[in-house]
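Okay, structure first, notes after.
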Amino acid sequence: MLLYALRRLIYLVPVAFGVSLLVFALVHLAPGDAISAIVPPDAPQEVVEKIKAYYGFDKPLPVQYFRWLTVTLSGDFGTSIGTGRPVSEEVGTAFANTLILAVGATFLSFTLATILGTAAAYAKSRLLDRFVTSIALSGVSVPHFWLAIVLVIIFSVELGWLPPMGMGPDNATGWRLDGAHLAHMVLPTIALSVIPLGVMTRTVRSTVKEILNMEFVTALQAKGMNDRQILLHVLKNAAPTCLAVMGLQAGNLIGGSILIETVFAWPGTGFLLNSAIFRRDLPILQGTTLVLAFFFMLLNLVVDVIQTMVDPRIKRA
Amino acid sequence: MDTLLPVTDRGGPAQPLLLATGLRKHFPIPGGLLGRTTKVVRAVDDLSLSVAKGETLGVVGESGCGKSTVARLLIRLIKPDRGSMVLDGDPVDEPHGITVNELRRQVQMVFQDSYASLNPRLTIVETLAFAPKAHGVPAAEARDRARDLLAKVGLEPSNFADRYPHELSGGQRQRVNIARALALRPRLVILDEAVSALDKSVEAQVLNMLVDLKQEFGLTYVFISHDLNVVQYLSDRVMVMYLGKIVEIGHVDAIYGNPQHPYTRALLSARPSMDPRKRTREAPIQGDPPNPIDPPSGCRFRTRCPFAEEACAKTVPVLADTGAQSVACLMYVPGSGHSRAGRP
Amino acid sequence: MTFQTPSFDIAAPPTVKATRASASRSYWQSVRRRLSRDPVTVICGIVLVLIVASSLAAPWLGLADPYKTSMIRRLYPVGSPNYLLGTDELGRDMLSRLVYGGRLSLFMGVTPVVLSLLIGGLLGITAGFLGGRVNMLIMRTMDVFYAFPSVLLAISLSGAMGAGADNTLLALTLVFIPPICRVSESVTTQVRGFDFVDAAKASGASTLTIVRVHVLGNVLGPILVYATSLISVAIILAAGLSFLGLGVKPPEPEWGLMLNTLRQAIYVNPVLAALPGVMIFVTSICFNLMSDGLRAAMDVKG
């Protein structure tokens, strides 16, 4: 098991290398020459010099890449063009804010999906099954940024129950556990959880249904086991499949939060990324993309290892 | 005009149709921290055999003993790590010999799983016409020939030609598979558990058909099966395999009438008898076959052999002629050190 | 001799009679038949055809000019005389813009999937059929793209390349190549393991012929089903990019962009602001249901 985790970790090295290459290439995807793409025309001379020194634009591409890689690996992600603050600081704060939303949405969607999906799989009445399937379908089909707007229209504009944007009172950029901050969290969390809710409900429903049709369930019933005990067996068997999908969804949630954060002006990585794109703040764009990609990679690794631990059928050495 | 003529005999009846020498296939298993190959499955280890023209060579052994690997090696679906093959005097895949493609024209194979071996998206006639078309036979002629072949395997062409595999029964599908193997007019047909998945009554029909087809087309068979009765019914010679090696080979009557290797004896006594007085009371062999990744030293059967002695762990027994058959066992090698062996 | 299975004496009948006399149907024929009998798929198909047809035929439907602005007729509510669905923040006719918007929105959603189906499918089938080093090279490259959540990859790429429909198409195509490639690779690897492929190899046919006759027919179905399930994702993602201002540029009518520009109107005319999203939602649901129907009709697992 430990060996497997270690091997997966080693395998991540070439992938991470490729990821860094792609992120580095982002700057050179920009139209026109790289300096003018990064530096706004009205930038002060010292900023321009700083950028030039950081990227080493006068050197050939491979040299530039390895310079960038070594600097980045040492924890220096460069300086934001917009704010002049170190990228690592900006991204760090934003990432923490994104995580708050993501954790909330993950928790909400996975709990609901497990309940709804299991209920639908067990449902004797077609109505309940239809209801859950429709929710799942809507979840995967709805443009979540539009749903966010609709939520704002209903709960902020019309009803005035919840704040339409921001993370807390007075343009807060840090999070605290109090009523005002929680109220700000409600709408973005709901909007962010619809897609994983849809995907997970589908997965849980079909997996549980498939397992219910297996012969061992009939055997358990014949043995005289009660429904609650059987449910436990079923869920245990459904766990590995569902966990794998959940892991992917949790990662995609971070990506999906970009649009939601923009709608709600939530000061997370998505909001940061979006504003960086419009200020053509490429160091921020690179830094954010890199951090999110690495987080996603590690998350997948963890899910993979957990799945191996949960599923006795997978024996990996 | 027929563009795909049967290959005529070249070396005369005394020359073996197929001669395989020292075939070896080890499958690597990735392992370790960086996924390097650290272990190998010794599926087939230094195996030599010859198939005479017009005979049926039966191959028996437990599952996992390398029977199917041998089949796939003989038709070159997998490339041997070592060893050479000669088809009617022509070395295969060597400078002055014949190509692998030419080998495959003369050697064909019938697979066990009748469903997986038919493309579900093609009609029966399309499946049968595929190989001749690939060899340059015009499409119309290939289809005509496919219909003829269907009739030969007992399937009414007008009824079956345009059907899909899922519309056929297991026995019918296996007849199609046999027809496909015959489409290129091969000389040697390898039947890898070709009837094992069929119902007993259907199996009998297909076996009888195989006997008839052999006669009609002058075929040679390598018949692989775990069913000892069927092998006995069909074979002229029988080869017994254990963990990738031949333990005994000889005429069918010798093998079944006077088995010499302890493994062959165990296999044969494991057959359920039709006579209730000859009931098998004890399991003739105990346990599972050892792991082919790390086979026992010396004789590979020694871990399950009732006669195993110290000498068996040291010396790898080679096939030795004992008169009617050849056996790879130290008990038949004088001076081998085994207490039951005679002195030199 | 213990051989005494009596069944061997049964002579094979000269011909085995067919059990069913009905005409054989090819796989695709039966898929089509099953699809046409599924009411949900049929309804979704009709709705999609209506949306596509109306957007294509928009100039001949007698709609108002979707670009014509008017400072005095801004943000008319739904149901206004002459403006059935009201007007947007620049006084343009909403109905007209929603109908015309289907053109770009659908194009931006479907094109990347088609392109990545071609490229990813080709790469995946190649990797799956050839295996070994080729597989390693292709699939490990895909893993790099897999390390990004799809939305992040799309936004970072088009963010770096700059706004514009062409860059969005390029970014979305890049986003969808890896998943299609991965699915293609896995079904091809599966099909390659079937005995009928071995039988085809044993017949001496060339690799290209084997792939054409034996592999493609069996892998295209599942790959296609998977690709259709991506269309709704692509439509939402394309609209999302436009919503962020990264996709189509104003004043083009496009549902995602319309959602963006109408955001300021949520306090004045909230229903209006939500309308373009309804279009995306309906289209996306229809594509999802069609994909489900196709999956069921083709009996593809997963």
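Chains: A, B and C, in written order; residue numbering restarts at 1 for each.
Convention: a residue touches a chain if its C-beta (ideal position, glycine included) is under 8 Å from a C-beta of that chain, and two chains touch if they have at least 3 such contacts.
Just so you know, these numbers come straight off a predicted model, no measurement behind them.
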> Whose Cα centre is nearest the centre of all Cα atoms in view?
Replying inline: C
> By CA centroid distance, what chain is farthest from chain B?
Replying inline: A
> Once you find the CA centre of chain A and the CA centre of chain C, what distance in Å lies between them?
Replying inline: 23
>> Using Cα averages as centroids, what's the distance between chain A and chain B in whole Å?
In response: 55
> Where the centres are mean C-alpha positions, what is the separation of chain B from chain C, in Å?
Replying inline: 47
> Along chain C, where are the residues that touch chain A in the complex?
Replying inline: 140-141, 143-145, 147-153, 155-157, 159-162, 232, 236, 239-240, 243-246, 256, 259, 263, 266-267, 270, 273-274, 276-277, 280-281, 284-285, 287-289
> For chain A, which residues are in contact with chain C within the complex?
Replying inline: 14-16, 18-19, 21-23, 26-27, 29-31, 137-138, 140-147, 149-150, 152-153, 157-158, 251-252, 254-256, 258-259, 262-263, 273-274, 276-278, 282, 285, 289, 292-294, 296-297, 300
> Where on chain C does chain B make contact in their complex?
Replying inline: 1-5, 7-20, 24, 26-27, 194-196, 198-206, 209, 213-214, 217-218
> Can you name the residues of chain B that touch chain C in the complex?
Replying inline: 72, 75, 77, 101, 104-105, 108-109, 111-113, 116-123, 127, 130-131, 134-135, 151, 154-156, 159-160, 162-164, 167, 169, 171-172, 175, 177, 180, 183-184, 200-201, 203-209, 229, 232-233, 256-257, 271, 273-275
